[in-house]
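To start, the structure under review is shown below, and the notes come after it.
Should a chain be cited, it is by its letter among A, B, C and D, assigned in written order, with residues numbered from 1 in that chain.
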Amino acid sequence: MLLQAEDIGMYFGGFRAVDGASLTINQGEIIGLIGPNGAGKSTFFNCLVGDLKPSKGRVLFDGHDVTNASPEEHAKLGIGRTFQLPATFEELTILENVMVGAFLRHPRVKDARESAQRVLDLTGLTALADQKAKSLGTPGRKRLEIARVLATEPKLMLLDEALAGLTPSEVQLAIELVRQIHQSGITLVIVEHIMEVILSLTDRVLVFNQGKVIASGAPTDVVNDPAVIEAYLGRSLNKKREQNT
Amino acid sequence: MMRRSGWIALALVLVLFPLSFDNPYYEQLGSLVLLAAISASAWNLIGGYAGQVSVGNAVFFGAGAYMPLLFYKLWEVSPLYGFPAGIAVSVAIAIVIGIPTFRLSGHYFSMATIAVAELIRIVVSNWDFVGASIGLTGPAVARDWTDLVFRSSIPYYYMFLTVLTVLLVMTYCIERSRFGYYLRALRSGERAARSLGVPVSRCKLYIFILSAVFTSLAGSLYAIKFGFADPASGFGILVSVNMVIVAALGGAGRLLGPLLGAVILIPLQSETNTLFGGGGTGFTYILYGGIIMLIARFEPGGLLELWERIRDRRASRRAVALKEALAASLPNSQAGR
Amino acid sequence: MVLMQVIVAGLLIGAVYALFSSGLTLVWGMMNVINFAHGEFVMLGMYVSFWAFTLLHFGVASFSLAAAVMLFILGVLVYICLIKRVMRGPMLAQILSTFGLVLVLRYSAFWAFGSTFVSLPEDILGPSLNVGGILLSAPKLVAGCVALAITIGMHLLLTRTMLGSQILAVAENRNAAMLMGIRPDRMQAIAWGLSGASAGIAGALIATFFPISATVGESLGLIAFVVVTFGGFGSVPGAMLAGLIIGLIESLSAFYFGPIYQDVFVYALFVLVLWIRPRGLMGKA
Amino acid sequence: MKIFKKLATAAALSASLLVAPQAYAAPDVKIGVTFPLSGNSGNAGKSAVAAIEVAAEIINKPHPGLESLPLGAGVGLPNLGGAKIKLVIADHQGSPSEGQAQTLRLITQEKVAGMVGAYQSAVALTATAIAERYGVPFIVGDGVAANITERGFKWTFRTTPIASDFANAYMEFLGELKKAGHPGDKVAIVFENTDYGVSVSGTIREIAKKRGVNIVADIAYSANGADVSAQVLQLKEKKPDAIIFISYTSDAILYMKTLKSLDYRPQLIIGDNSGFSDPAFIKAVGELAEGAINRSAWSIGAKDSVTWRINELFKAKTGQDMDDTSGRDMQAFFVLAEAINRAGSTKPEAIQTALQKTDLKANQLMMGYNGVKFDAKGQNVLASAYLIQLINSQYVSIWPATAAEKPLVYPFKGWK
């Protein structure tokens, strides 16, 4: 058991964005978080990575209580995250972006550069290493974000809609990348809208609605769960099935 | 960013400048340029590299300027003894400002620095112990060399040049260290930097302290050069603003930006004053303000960035083809542009 | 009795502070740009009034209006020529640009109007009112009422009118507003215009009791920042309240501890607010 | 560096245009003049420069009726073969460092024989330090801060009366009032807290103590504030017999307006020059300040008198009457010129010696000093001031009796 979130609640004034959600992640899993907009999955996500301090419940990671730990501490312990809207360091080159992550484990510049270069090779960014991040498009940025997190050598990596806004072909490339990362032994949590991704990647999904987890289990079971269909997937998925068959 | 030959040339110019002609006015001008370059480079650490726009660095300048003169006033000792005292005070103030405000983002830091600077200026200008609004004066004629009172500006020039060199070398090392990368990272995105394990608040505090130390040093040098400091020339808001302007003109967050800015602005100031001063229209200030607005409006990166862009544009023709080839390796990497 | 008079004096000058701060808090809150040249706007408002009075023999009401119009135009121009572009640049550029503006405006005025102090006739608004032994200086009383009116007016404008809600929408989320078919640039230009206009009126009314010079913005400028920070960026009512409180603190501290301490108290308060309650009295969290 | 040289020569040219270039005769004698020509005190600085320019014209060209002044004949400097005086003017913007830089430039670039300046005491302090290092005489015409001549400088001379002179004048004046049966031993001091106000008020405090006058209110305030109601209310409560204001123009105007709006009419108001002498002050609140007393060493005097003629020349140049500050700077310049002429050379040492030997009688001056004679510190020991009163928006001298044009009007009238 790598991460355990017990009965997390996040309240903004009277509004309960997340209301008693729990999640246990085992080493080597890929977990999907899905749900309609405003269901609270992003809030929950931010509670896990230390951007928000939950109003209720606690988060254990690798035996440490990280409920109130800062984002920095999360990173140190090995929790990496990407941002929904890519937050790359525009003025830095792609290599430097990744080096910032690499410094976490390699204080010396030389070592950091080497490990960053390894990550660039893995993520296929080597060719662009010396370009400024601002020269990249959305797909490039998302890829760079993943690379940056990889460079921090995390145990657990949380991807916040890392594939949103990509063309199908780009999505395929990205999915391969995620698979590679998973094979390299990193546990993954993916917040996603695109069903293909969830279905093709994850071992287990949590479905959020109105701040609560309304279903969890293997993707195939979940998508058949009437409550889920009712709440969220609805006809759109049935259509997909028909197409698939 | 600069070839070795370039560095050597720059060094030679700086070292030989005062010797190249026997003219006290230009020697004075040269030393003023260096002094401005020191305080602007010190500001550059926090304002340029860390992107935290301090509009109150005058606090450190003032502390640095007052301490040596205060020591002289109290115990008639060489102003030199005041240098460390000024630095100590400045560091203390930096911590007091930094710890609470670096939690906040946006303009809070800028406003806090202004507020503290004004507060201290007002206190100083009403506190007889530090000469109140009349300020403090140092020895006018040297009792011995340790008073650092020289008739010619040349000794000051080389004193300043030494300090500037130390500061720039240190900055150069920071630029290339992990600390330097962290600063640039937090400048372009604090939240992202945090998520990668960058201790943002601590980095800001450290660089602010460093900035305070050298700003204070600049103040002490000012004090011995002019043998005088009063609330306006030490803690006045214009003192802070000048640092910002000089650095920004040359290029904030760049090693040589402040020096370039000083080389342009200081002679400009003094020569326009020489030319138009007699008329007494304050034309100097209008020109000054105009330059600042133009920089902010068209070239926020400063002249160095402008120069680099021009240079790159020349190079780009060749680069384009290559770039396309590279882009191919990452499908649609330009999509969404 | 004397205490009463001291308090009243404090509240009156406080109202004046509120008057010239309301414009600053508007642009600061709307687009998070600090306009360091706001004091210079007020200064120009004073000169417009003076010249409108001496050359065109305008009355107080009409030269206030003239100042408002002129400064509205200036505000819009400054936005279009300078801020519009700078806003999207680094924070350094924003701060620099308005500092540059300060120097240009202040010393252009210095060059154009000279360094001699000029004043409007001191009785232009008549003698002080005597309310049960408490004397109310007419100019400040008027300034106070206008400050109140402007505060309320601006508040209503922002909260009750189409224009206001559009301005706020842009402040909230530029892109979303654009999708809703609002023109952000126009809205923000208007916001700057309004800010200028209120500075103009402030200048006009201050000119009725304060000597006019090119450097007057220097002394009035900083206090506006204290007021705005204290009141909460973007909160017009906050500025009003803060202005009154600061006026009161100044007056009382000046009376009981001596004038030189009033600034100490005010800036100490400023620092305190920044640290303890950065969002100010009425600022949004 | 070439560009600098160009600019510098350009500057020299623009300066040389200030005085018609002499085609023949002995080489001009350059005198450096530095004042704040921009910034808050730009106005005072400009008028001081204008006064000095008038003085230079008086020395360089004959002006009928001024012969009684030394060098008043208008034939330049006779002992230097009739050399004309050439002014080199620099703006120090009221900044101590700029003052030092400009002084250095005038001394090293323009090779001036002597310096006159500098309005702000803060600037006088740094500028004279440079003159001291380079061994060039610097005459301070107006700075009143004591420490300017307390530093044992050999090259700094000050012609103006300093705080102690005024303070004595005020106290003697109040003493005479008491003899005349008016109350005069409860005094309030209101002063702006920069070097000017602080040093003057400090001296007044000392001397008042010595003379057993008790100070019932001692109010320091920071200049250019937005409101002075609290101060006025404080005064209103303390009810002093006389209030001494040491204020710049903006505050002086504000005080008068606030006195009226809070309906407080003090027995006696003494304004210590500066703000109260500014023509803008009289224009703005002349009617409210009717009967205010001010100190001055300058009075225009009767028609066709030397001072009247000088004022006419000044008026022709600037369109307004000359004020005390400009007058004192003009006097300083005359003293320097006279010394250079006596020295018969532009060698600094010679001029220094001449200055030390200076001994001008009252009738050789255009200011109302008892004479000019420097002590070892370089302070003029014969400097003095008289008191003037604002009657019908015009200042006329009322004290001491010897110099009085009109009798004192008591008490302070103020507004109708």
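Just so we're on the same page, a contact is a pair of C-beta atoms (placed from the backbone, for glycine too) under 8 Å apart; a residue touches a chain by one contact, two chains touch by 3 or more.
Source: prediction; values computed, not measured.
If each chain is reduced to the average of its C-alpha atoms, the one that sits nearest the average of all protein C-alpha atoms is B. Once the centre of each chain is set as its mean CA position, chain B and chain D turn out to be 38 Å apart.
Distance between chain A and chain B, defined via averaged C-alpha coordinates, is recorded as 42 Å.
Averaged Cα coordinates give chain A a centre that lies 76 Å from the centre of chain D. The geometric centre of chain B is 32 Å away from that of chain C, both derived from CA atoms. Among the residues of chain D, those touching two or more other chains are numbered 38-39, 42, 46, 193, 220, 222. The residues of chain C that reach two or more other chains are 107, 110, 260, 263, listed in rising order. Inter-chain contacts, as defined above, occur between A-B, B-C, B-D, C-D. Within the complex, the chain B residues that touch chain C are 47, 51, 53, 55, 100-101, 104, 106-108, 110-112, 114-116, 118-119, 122-123, 126, 241, 244-245, 248, 252, 281-283, 285-286, 288-297, 300. By the touch rule above, chain C contacts chain B in their complex via residues 32, 34, 81-82, 85-86, 89-97, 99-108, 110-111, 222, 225-226, 229, 260, 263-264, 267-268, 270-271, 274-275, 278.
The touching residues of chain D, when paired with chain B in their complex, are 1, 4, 7-8, 10-11, 14-15, 18, 37-39, 42, 45-46, 49, 89-91, 93, 95-98, 100-102, 104-105, 108-109, 121-122, 125-126, 129, 132-134, 145, 147, 151, 153, 193-195, 198-199, 220, 222. For chain B in complex with chain D, the touching residues are 20-21, 23-26, 28-29, 32, 122, 125-126, 132-135, 137, 140-141, 151, 222, 226-228, 230, 232-233, 267, 270-271, 273-275, 277-285.
Contact residues of chain D toward chain C in the complex are 38-43, 46, 193, 219-222, 224-231, 233-234, 236-237, 249-250, 253-254, 256-258, 260-263, 278-281, 283-285, 288.
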